[in-house]
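In what follows, chain A forms one complex with chain B and a second complex with chain C.
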Partner chain A sequence: MKFRTFAAFVGPSIFLMLLFIAAPLVSVFTQSFYLSQPVVESVEVETCTPGFLTQTCTTEVRTQPILDENGRIVRETRFVGLQSYRNVLEPERAWAAISSFDISGLLAIDFWKALRFTLTFTLITLPLVLGVGLAIALAVNNAAKSVRGPVIFVSLLPFIITPVIGALSIRWLFVGDGILTRLMEYYSGTDIAMFAQGWTIEILMLFYRVWHVAPFAFVIFYAGLQTVNTDTVEAAIIDGASRWQRLWYIIVPHLMPLIVFVALIHLMDAYRVFEEIVGFSSQAHVISLQWLTYDFLQPDDSGNRAVSRASASAMLTMIGIVVLLIPLLRKTWRDHRGTR
Partner chain B sequence: MSGPKALQQPISLRLFSSAFLAFWCLLAAFPIVWIAVMSFKAPVDAFAGNPLDVIFGPVTRAGGEGLTLVDIVLGVAVLYGAVQVAMRSLPRLVATDAPWGPVAFRWLIASVVFTLGFVLVFFGLLPAISGAINGVLGLDPIIGLTTAHYEAVWIDNEFWRNFVNSLIVTVGVVTVSLTVGTLAGYALARSGSQLAFWILIIALVFRALPHSVLVAGYLPVFVNSAAILEPILGENAPTLYGQPLAVIAVLVSINQPFTIWMLRSFFQSIPAELDEAARVDGCTHFQAFRWVIMPVMWPGVITTGLFSFLLAYNDFLVTSLLLDASNQTMVPAIAGYFNRETTTTDQVEAVAAAVSITAPLFLLVMIFQRQIVSGLTAGAVKG
Partner chain C sequence: MKKLLLASAVSLGAIMASGSAAYADCAIQNNIELSSLSAGFEAWKSVTDAMAECGNFTAELDQEFRTKQPAAFAADPSLYQIGGVANGTITPLLNEGTIRPLDDLVAAYGQDLSPNQLIRVDGQIMAIAMMVNTQHLMYRHDILDDLGLDVPTTWEEVIITAEAIREADVVQYPLGGTMKAGWNLAQDFNNMFLGYGGSFVNDDGTPNVNTDAGVNALEMMARLTEFMDPEYLVSDSTYVQQQFQQGTIAMANLWASRAAAMDNADESQVVGLVNTAAAPTATPGGAPATTLWWDGVVIAANITDEEAEAAFQVALEGMDAEMVAEHSDDAIWLIPGYEPNRFAEGAIATATASPAPQSYPSSTEMGLMHTALGNQLPAFFTGELSAEETLEAVEAEYLTAAEEAGVL
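And now, the complex of A and B:
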């Protein structure tokens, strides 16, 4: 294929990606060093209320935004260096907390709280998703052919459901008078409030994520199980391998590329955890890195968005993604070198 | 059981495996089925302590709304008939060599006619008939069921507006991202150049980016776009914030890395000899793509389209930040319901809205199960 035809085919796609992915990245990077604020001035305002004989007048100094000739608020943008990063990371407070071994003090800062949750969430769900997915795949592979279709259908439901709605559907089972809370209260005989403290919400979030992603792992592992070499399995049986040995030494190595694939996709997606926070309305107890950026971008009471702080937290989130991606990129690079 | 004796499994293992599978199916379906049941009940029933009360809904029944035995039997019969027609007769009708239009167009017509007919029979004819029979036999309802919450959500709270917005955004995203993506995917699959490899690698990095990072880049630009674009477009420069078209462009681009990876793997499974033959016959690259490759690519295009649809339909972050309240799509709009949840009626209305959003996805899995599975495995098997 000539370069010009190639460029014509790829052009529109590249254009979109440059305009809407690469350009915003650059702009977020620069935004994070600048602060855009309304220009304010201090004015003396005299307010008078009618009184008997003389008016009662008070003078106060008020700060108000300067308006331009069209009545819009004048904003100024200035270079603040690493100030936004400092606002997000709060290094002095964080360092004071670390040096006095005060974990709860460290986790009182939003960014570190979000980082702690995002990392534990990612690392705990990973083995669970792989394990549950593999278990379902093995069980379906074991089942009669006639039930496999319906089982795959039911399994796809949690995967395909809108993430916010999926989280909500689990939340409604566990809210104050939800059916499963009632059930647990009935068996334990105590009052249970699943949404009153952080750790119970986190358990529900972990459950939701495993419920949501295990079907994806299952479908991929199930496809992989169809291509297991039966000769190898039979040879292993003749050699007297037990079921566990066959699983561990033949089937798992056969599935290894797929396990790596699912693990990488899951790492990328779990690191971006966000919908759970919205669905479980957990922002008072548990927040994630992506939610932090989202929150900075939401207009506050006076309609301002903390764009520079959002950019700083977005750039910090990116660092994690880059660290996660390095092994994947190295592997792809090596494969590419190998095939050429 | 057939096969070598050594491969036979002990009965305990088989039992354990089936029990685990049954448990998983219960776990997978229960939350979804349960909110569907809740959405049809009066608030007292929906949050009742006894699960049987939630299913049968005594309070709802006492309110005079419910299904009698005749309703249930007739309803199940109509549903069964509809599934039979959709699975058996409809494909045969479409497959007959009608003199008009291509297959995709005939499918479109057939599914629209089928949906209209089903709605007419199920919601128009059926209640009338069963109501008459119930009146004659004097039957009382046995299962409480009310559609009051759906009416409140869709009509009083104008959820249909959000539905229309979702429709605009998803249709836009699927069409544009498939058009742009097939072109790029084809070129990337056929070109072995170093450039193609680097494009794919960069796309992979882009795929991993958290969407909030990108939105942080769009927001200030979109809010001020009228001022920024004024030198170029003059007076009528648009404010991109709140524009569905801008959101479509954003979602298409965010989805582009995934789309080109998936389409590339589908194009690679089509033998290159096919376009070589077309080229020998005098086609240009584009003609070969359009008239030789695309006709055999439909399964891959449909599968990729499904995943584009899911991304656009399920998105919360981008649409909630870039669209204002007047043209919000369904998923962010539901945040308004569960945040105000003050009374149990509000909660059940939120449940009804959630079920309304899930219903189209349920149909999607039912119709396209095979394509979804093939799409999931397409990316993976290559590794």
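And now, the complex of A and C:
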């Protein structure tokens, strides 16, 4: 392909990526080193608020931002170096907990609590998604032609549902005396509260994510299965290879590039786990890194947002994803060079 | 005539009521395009429906209004002319100067307002209050009568009463609580903390929650959770309201604005069985362990004077005696002509108690403290940290946030 043609095709995409991904990233990166705060003054203010019959007036010292002549809040921005990162990571407190082998002390710090859950969530769902996806793909591939269409349709349904809606529906099935909790109580004869402790919520979240993402893995693997060389499989059958041996020595190696691809996509998605926290309103027990960033950005009733800490937390999340992806990317790179 | 659009099916959903063209029941005819942004509970629906009768008016009722309002009012021109606020959510608007003083407008059109409704900050009228709200005791009077129990007036008595209800095994859980991690849990702590005589910050803005009052409040809350649904950390006001309606709880400290739902025969199985009483006190003879809130209307600063004049008149039409007569059950109205019903007893008893509970102390510091409490308190209830360690973590997060916000 001529370079000009290539550039014409790729150009728009690169431009949009620079505009909507690279530029915000640079901006977040810069913001994580700066602190922008309103200039405040303390003034004595009398406030009168209604009681039921009469008003109560109180005089108190209020901290309020200074407004300039245009009515905008005067803000000052200064370079704070790694201070925001320190505020998020709390290294002293974390190190004190680690050096005294106090795991619960470490997990009492929001960032480390979020990291613990995010990593567990990512690393447990990864093999499950790959395994369940492959299992469905093999089952559909071996099913009679007449039922394949409907089976594919049904298997894809969870993937079509909007993530937050899916999480909420699972929550409603289990929260309080939801129908599925009732059912489990009926069979077990004990009182079950799925949202009263962290581990049951985590199991529901893992189940939900696997249920939601496995269809994606299934579609990719199913497409891959159509290209398996039938001669090789037949030869293996004649050689007396069992089903397991055929799967392990022929089909899995053939699908390996696809498995790596699905694993890459899933690692990136699962590390950004967010919908589950909101959908299951699990923040009392488990939080994720992405949720932490969101929580910093969420203004409180007085309108304060922790933008610097949110930027630092976002950068740390991105670094985490890159670290997780390095082994897979290196493998892809080596394979790529090997085939040249 | 009214078109209800469910803007979002998520629980954080927004409901928009588009303005109708009916001019009935409105003394003025409004010719200027106006819109409002407020919370989405029943009282706001009644008020904005009444405003819509004046024409050219669109109301947006959104439970996430507190996030949207500061940015929407900071725009020039402001995206909404009328805002619905509470004492907690007026702070960012005051701080950023995006709402206008109403003294002139009150002098011109506000002859029917009672002085109690005028919210004054630094001598200027900044908002017109329409109702008070508070968390107070709601209880199943049939259960208490059957068991021969008195209505508890202190939290210690609540525990004794809950014990008796549990013995009798008449409901699934004796108590309900709005203890969902985050804002709700922090607010529950605020009530109890103030009840034990705590104050959140020192005069110099440093935190002051890691005190006896803080520890007492947390320990009392932990004792109460033993009588609650074990999933209390996901239970918000709506959840507690439903627990009452479905007859699974007997008592709860719940928002007055939720009381009317108990007699809604479409949803409730306990019509006529729930009464309200003053919020229990934490210490005998102390103030009820709760805070007082008001809801009211503000007018944006970044709009023309003509728009402000029209907006103010329309807002008053929404808050007139006619609307109160029609919707007297929806809230504890401050509007002249309001006749309190059975459900108002608890809120009135709370507000007129002596010593009286504080108004929610809305300030920049309190906003930071509320967030820190909401984030850190769950660790105590899940058993990860002790009361002192939890409050230490709250103070640490508050300090970080306060330094970042520039108030320390």
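The working rule: the second predicted complex is superposed on the first by the 285 of 340 C-alpha atoms of A that agree within 3 Å, B and C clash if a C-alpha of one lies under 4 Å from a C-alpha of the other, contacts with A are read in each partner's own complex, and residues count from 1 in each chain.
Basically, a contact is a pair of C-beta atoms (placed from the backbone, for glycine too) under 8 Å apart; a residue touches a chain by one contact, two chains touch by 3 or more.
This structure is a prediction, so every number in the text was calculated from the model and none was measured.
Peer 1: Please work out whether A:G178 is in contact with chain B alone, chain C alone, both, or neither, and reply first, second, both or neither.
Peer 2: So A:G178 only meets chain B here.
Peer 1: Touching A:S104, do we find chain B (first), chain C (second), both, or neither?
Peer 2: It touches chain C, and chain B stays clear.
Peer 1: Have a look at where A:Q55 lands relative to chain B and chain C in the superposition and call it first, second, both or neither.
Peer 2: So A:Q55 only meets chain C here.
Peer 1: Which one hits more chain A residues, chain B or chain C?
Peer 2: Here the partner covering more residues of chain A is B.
Peer 1: Between chain B (first) and chain C (second), which, if any, makes contact with A:P158: first, second, both or neither?
Peer 2: The first partner, chain B, only.
Peer 1: For A:N87, is the partner it touches chain B (first), chain C (second), both, or none of the two (neither)?
Peer 2: A:N87 contacts chain C only, not chain B.
Peer 1: When the two structures are overlaid on chain A, which partner does A:A306 contact: first (chain B), second (chain C), both, or neither?
Peer 2: second
Peer 1: Looking at A:L168 after the superposition, I want to know if it touches chain B, chain C, both of them or none. Which is it: first, second, both, neither?
Peer 2: So A:L168 meets both chain B and chain C here.
Peer 1: Regarding the shared-chain residue A:L123, is it in contact with chain B (first), chain C (second), both, or neither?
Peer 2: A:L123: touches no partner chain.
Peer 1: Who does A:Q64 touch here: chain B (first), chain C (second), both, or neither?
Peer 2: Only chain C; A:Q64 stays clear of chain B.
Peer 1: Which parts of chain A are touched by chain B and by chain C alike?
Peer 2: 164-165, 168, 175, 177, 281, 298
Peer 1: Under the stated contact criterion, what part of chain C meets chain A in this complex?
Peer 2: 9-11, 66-67, 70, 87-89, 91-92, 94-97, 115-123, 129, 132, 180-182, 185, 203, 205, 229-231, 233-234, 239, 248, 292, 294, 301, 332, 334, 347-348, 351-352, 356, 359, 362-368, 370-371, 375, 378-379, 381-382, 384-385, 389, 393, 396, 400-401, 404-407
Peer 1: For the complex, which residues does chain A have touching chain C?
Peer 2: On the chain A side, the touching residues are 35, 37-40, 43, 45-58, 60-65, 67, 71, 73, 84, 87, 93, 104, 107-108, 110, 164-165, 168, 175-177, 193-198, 281-285, 295, 298-304, 306, 308-309.
Peer 1: Where on chain A does chain B make contact in their complex?
Peer 2: Residues 1, 3, 5-6, 8-10, 12-14, 16-17, 19-28, 31, 36, 135-136, 138-140, 142-143, 147, 149, 151-158, 160-166, 168-170, 172-173, 175, 177-179, 182, 186, 211, 215-216, 219-220, 223-224, 233-234, 237-238, 243, 257-258, 260-262, 268, 271-272, 274-275, 278, 281, 289-291, 293-294, 296-298, 305, 307, 310-311, 314-315, 317-318, 321, 324-325, 328-329, 332-333, 336.
Peer 1: Can you check the complex and tell me which residues of chain B touch chain A?
Peer 2: Per the touch definition, chain B meets chain A at residues 4, 6-7, 9, 13-14, 17-18, 20-21, 24-25, 27-29, 31-32, 34-35, 38, 47, 49, 51, 54, 179-181, 183-184, 186-188, 190-191, 193, 195-197, 199, 201-221, 249-250, 252-254, 256-257, 260, 285-286, 289, 310, 313-314, 316-317, 321, 331, 334-335, 338-339, 347, 350-351, 354, 357-358, 361-362, 364-366, 369, 372-373, 376-377, 379-381, 383.
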